[in-house]
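Going by the order they are written in, the chains are A, B, C and D; count residues from 1 in each one.
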């Protein structure tokens, strides 16, 4: 679900991530699953090679209009059903029997989701690397500037600007490191069949699971249809990233207040006002704070989604469909804005020093 | 912001409400504000009638592509700036001076929002009326059927099916009544100028405010730029409606369990499974529960948005931009599904009675 | 549930409200329900007057140690069971039969809750009256002082201090007015019997319901065991009050920043620091913001609690047990702090004017 | 803060964890920090050994009544100030100078918190080990029993009971493993001085930090006063544990429905009803679901708390004070109930099989 308007597509959304979580890409990921499934099933002599080849050929070329799936989705509560129906129309009667062979809709949905997360994570990681670089440059260039610490909304004692930058950079480093450690176990294939036990594949279930994981370069895991902890771990990471950036935004808003003026979010001139021509509003920092709040709220939905009833439960599952794309977009947007800020921010070192002197004189 | 994909546009969204909260409609509502403002300002001799006429003429015909606003929105943190820029290109130098005269972006944004809420409320109200009718028919037709109460997940004592329907209908009646009582005070015009004090209009501020309210058929209120309680009262109502329907969905899921089989969500055949041809999944009831959870979470964001700093604060305001359209859509979707369910549901009175007999025999 | 520690009992709790939601008071409210129920049942010749008298006499004197209920509560998932067991030990065999006659635990629990809400509302209302008075005094004394508006974290234009105070006062007035309009319908008796249909009382059910409502001076309403909208309307009101005060706190934090210094939260000297003797921390304003966030989050739990399954569902009901006392306490605490702030705040009018002059000179 | 009442102290709280997060224990942890700080400072010749010895002696014996701290806490917005004041009364003039030497209140608060988390984690871990054992026993004893999968609230296909147990056990195994990997980096000492830069200790800051970490057997980390990611990672883990158990509770509620009767939560007889003597309510499973929802909501507060302004910000910090104890208690309570359930649950294998047969015959 692409959760944002065109008007806000740059301010409160992320065009690159939005594409990754788009309807079109979702359909492609479902195709990717079905192609790989058929291919591995053919290798394992579970379905004819001819059927597998036909499935690959047809799916490689088929374009589905997302809107064409809307009615089938509301009829069945899941878009995989109408996707498969449309695909089947293009397949020979023989190949049709072997499409999605033994799999359940959730196998396709969850694997598609994980492929999406991997793509998203790739983009976020690149931005994180760049952001750490930007922050390191700021650190190098301005880190030694004396400036005021502020605690509980009051001037505290002089510190260096590096202390402020470290409070943004260190948690980013820590959490990027953590994701590198754990992403392998989070990005795992889903294949369980109707009720998650691979029973439909009899003695070839485990072989197929391994082969599919390998083909899609995902981790192998027993079916996790109703075990959603890894997704929640991932989304909490997203929310932590946006919260770290929310804290950065919040700090820049304070340092950029007209009365303090230690930084200017955008040296080239930021947000204008329709009523006040003198304004240079720190609108990206504001967005950072808002996006952090939104992600914080969404994570509680993700955790609720872990209370996933029985073997499949859309009262929980739908929460993920709604939240994960939004959280990816919110985090991507926040990273984009953080990159812009750290590249364009004007650091008013003279004012920082002046504020320190002013404090010392008053003491 | 239209927060949903085309694929899910019928299952987890509401095409009618989605249109009301669309980019296009938002721009139209901004135009409606600007036209009315100019018109009333001209009546009050604050701007030339000619300028007002030109503004009306130009805005009545102008079409703006939402995507054309994306860059201006990320530059300024608010879409009103780029909208006005595009409008000004079409106006004479003279009229340009009187467009948005004395107003601030938030005046336009908030009034546009209230006009949107009014449209949304109109649709929701119609559906509520219809839903109450559907439920009343079920009550009349099946209300006297004996069935089992279930408390704390266990069979309790026999009641009538009317008791279950009442638990859905009575809160809807109560809350529809409440909204009729309070909607007037919630749907109120916004006009304050740069800092909300109408100072720019000098002694004509109050007159203009009254005239604008009257022209747009909204309540008159002192500027509420940083007073967001009425919006939160409205969105809590939305969340209460979706929660009432969530409870209905939850009850239908239980009564519709294969082992209980007292109702079938969709007598004509509901959700299918890609792996299990025998399934008739109660997919709309599931959505009702999920939508209720989503709205419950969003209301906490709305309340956070009330901590609106100083005279304008986008770290809070953006939360509304994100949440209100979603909450309207979630509520509209839930009402749609509730209408379908109450129209198509099969009430298996024989099973209800059988379950009561079975309970009595065991006792 | 008294949700706060002794250490934080004044800073993040409200001793007066905490008493109202205490275990002891809860037991008393249950007794109040049982006494009134027996009395009205005796008037209606449903139980012997002698039994009713004995119940009143025994319950008027009985003291129960809350901890004595802990084991019975975890055994039964509800404290009414062990309370009634302890009461029955004190009653004659005859009276025992007529205690809680025909009622279900939830009848007692919900009515006790409503009695608690009424007590809480009384206290909150008194504080709201006083707070409006305090704010009105500030308005009178300092309202005309010119000061700077700040929008999107930047200096905007000069306004008057009255505009800031109005942004705190007006929503409080509005919401206090609303609660007066709706409290009658929110404070309603609960009596339904095992499954909410009053069936146990046969043709006397309605009479008894009316009599009980009247005796307890509550509204009469059909059983709302699984209809929790009115509670959510009430708690959203609590959250709106704390959010309004959170906005006030947030504004005071900004105006009180060392660099701005337009107000001092506590003229007599506020929060100290263990490391910085010069600090005068605006610690009550900080608490206002935090309490608003906490209540905002809790309201989403309350809304989730409306998805109350079947005729009784503790997976939803427990949410209320946890949240309502906390929300009452958070709101009461916020009102207390707001009263202290508005009584003790130093308004530095000279600085307000200076900041305006400074802005004008720069323009 | 001990967030629960005596009445609910066993059903919705955890006496063992409640003790760990009690006021008394908090004061002891503050003392533990101050003793270790003085001792290491004395080793490093930063303060006289005599002062350090006196501090240890006095603090080892001092008992502070929590209520005695309430007034100082509301005066200062933090309990460390009144604690230190009470301690200083007991110290010689000389030792008084070296108590809390160079530290800030947050150093003591955060380190005390981490010591609390370590204690809490110890208890939770023990219960997790036991729970895995209980589940493994159920697996061994009943895992092969055929039973019905249920997807989207409908009967799906036959599986084995092991599939259900695995959906509870596998995520617990996974998340326990994860916590073992990451707890070291989460449990880290806090020492930064007034503004977090250790400047007060000049060239001995790093040495002291290392020594203190080592003395308290915590990880060493640069000051994280305003970097709250690790706490959020920890609390998300708590919420994931309670959500996993919430899913288990939810499944048991379904399998335990009167109409399905595949398990009985408590073979010895569970929750009773005041109106229905035949009831055996699965009250612990209900609590599991409710506790999961509560923790899910609290995690969003924790994430909000990461938007921690400047160098110290109680509008964010207070959220942690409120949420972390509750989340620990909720998780501990959930584990306790899960242990009881897995020990006492009756698995009605005959009914499981009967339900499978019934399904097969209908097909």
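As a convention for this text, a residue touches a chain if its C-beta (ideal position, glycine included) is under 8 Å from a C-beta of that chain, and two chains touch if they have at least 3 such contacts.
Fair warning: this is a prediction, and the values are worked out from it, not measured in the lab.
K.L.:
More contacting C-beta pairs: A-C or A-B?
P.N.:
When A-C is set beside A-B, the one with more contacts is A-B.
K.L.:
Relative to subunit B, which chain has the most distant C-alpha mean position?
P.N.:
Farthest from subunit B by mean C-alpha position: D.
K.L.:
Return the distance between the CA-based centres of subunit A and subunit B, expressed in whole Å.
P.N.:
So the centre of subunit A lies 27 Å away from the centre of subunit B.
K.L.:
Taking each chain's centre as the mean position of its Cα atoms, how many Å separate subunit A from subunit C?
P.N.:
38
K.L.:
What positions in subunit C touch 2 or more of the other chains?
P.N.:
In subunit C, residues 77, 150-153, 156-157, 194, 250, 253-254, 271, 273, 276, 281, 283, 286, 289, 293, 297, 300-301, 304, 313-314 touch at least two other chains, as defined above.
K.L.:
Which of the residues in subunit B end up touching subunit D in this complex?
P.N.:
Per the touch definition, subunit B meets subunit D at residues 150-157, 253-254, 256-260, 271, 273, 276, 278-283, 285-286, 297, 300, 304, 355, 359, 363.
K.L.:
Residues of subunit A touching subunit D in their complex?
P.N.:
77, 149-153, 156-157, 159-160, 163-164, 166-167, 170-171, 174-175, 178, 181-182, 185, 194-197, 199, 222, 224-227, 229-230, 232-233, 236, 239-240, 243-244, 246-247, 250-251, 254, 289, 292-293, 295-297, 299-301, 303-304, 306-314
K.L.:
In their shared complex, at which residues does subunit B touch subunit A?
P.N.:
1-12, 22-23, 26, 65-67, 69-71, 73-81, 84, 100, 102-105, 108, 193-194, 200, 249-250, 253, 270-276, 281, 283-284, 286-287, 289-291, 293-294, 297-298, 300-301, 304, 313-319, 321-322, 326
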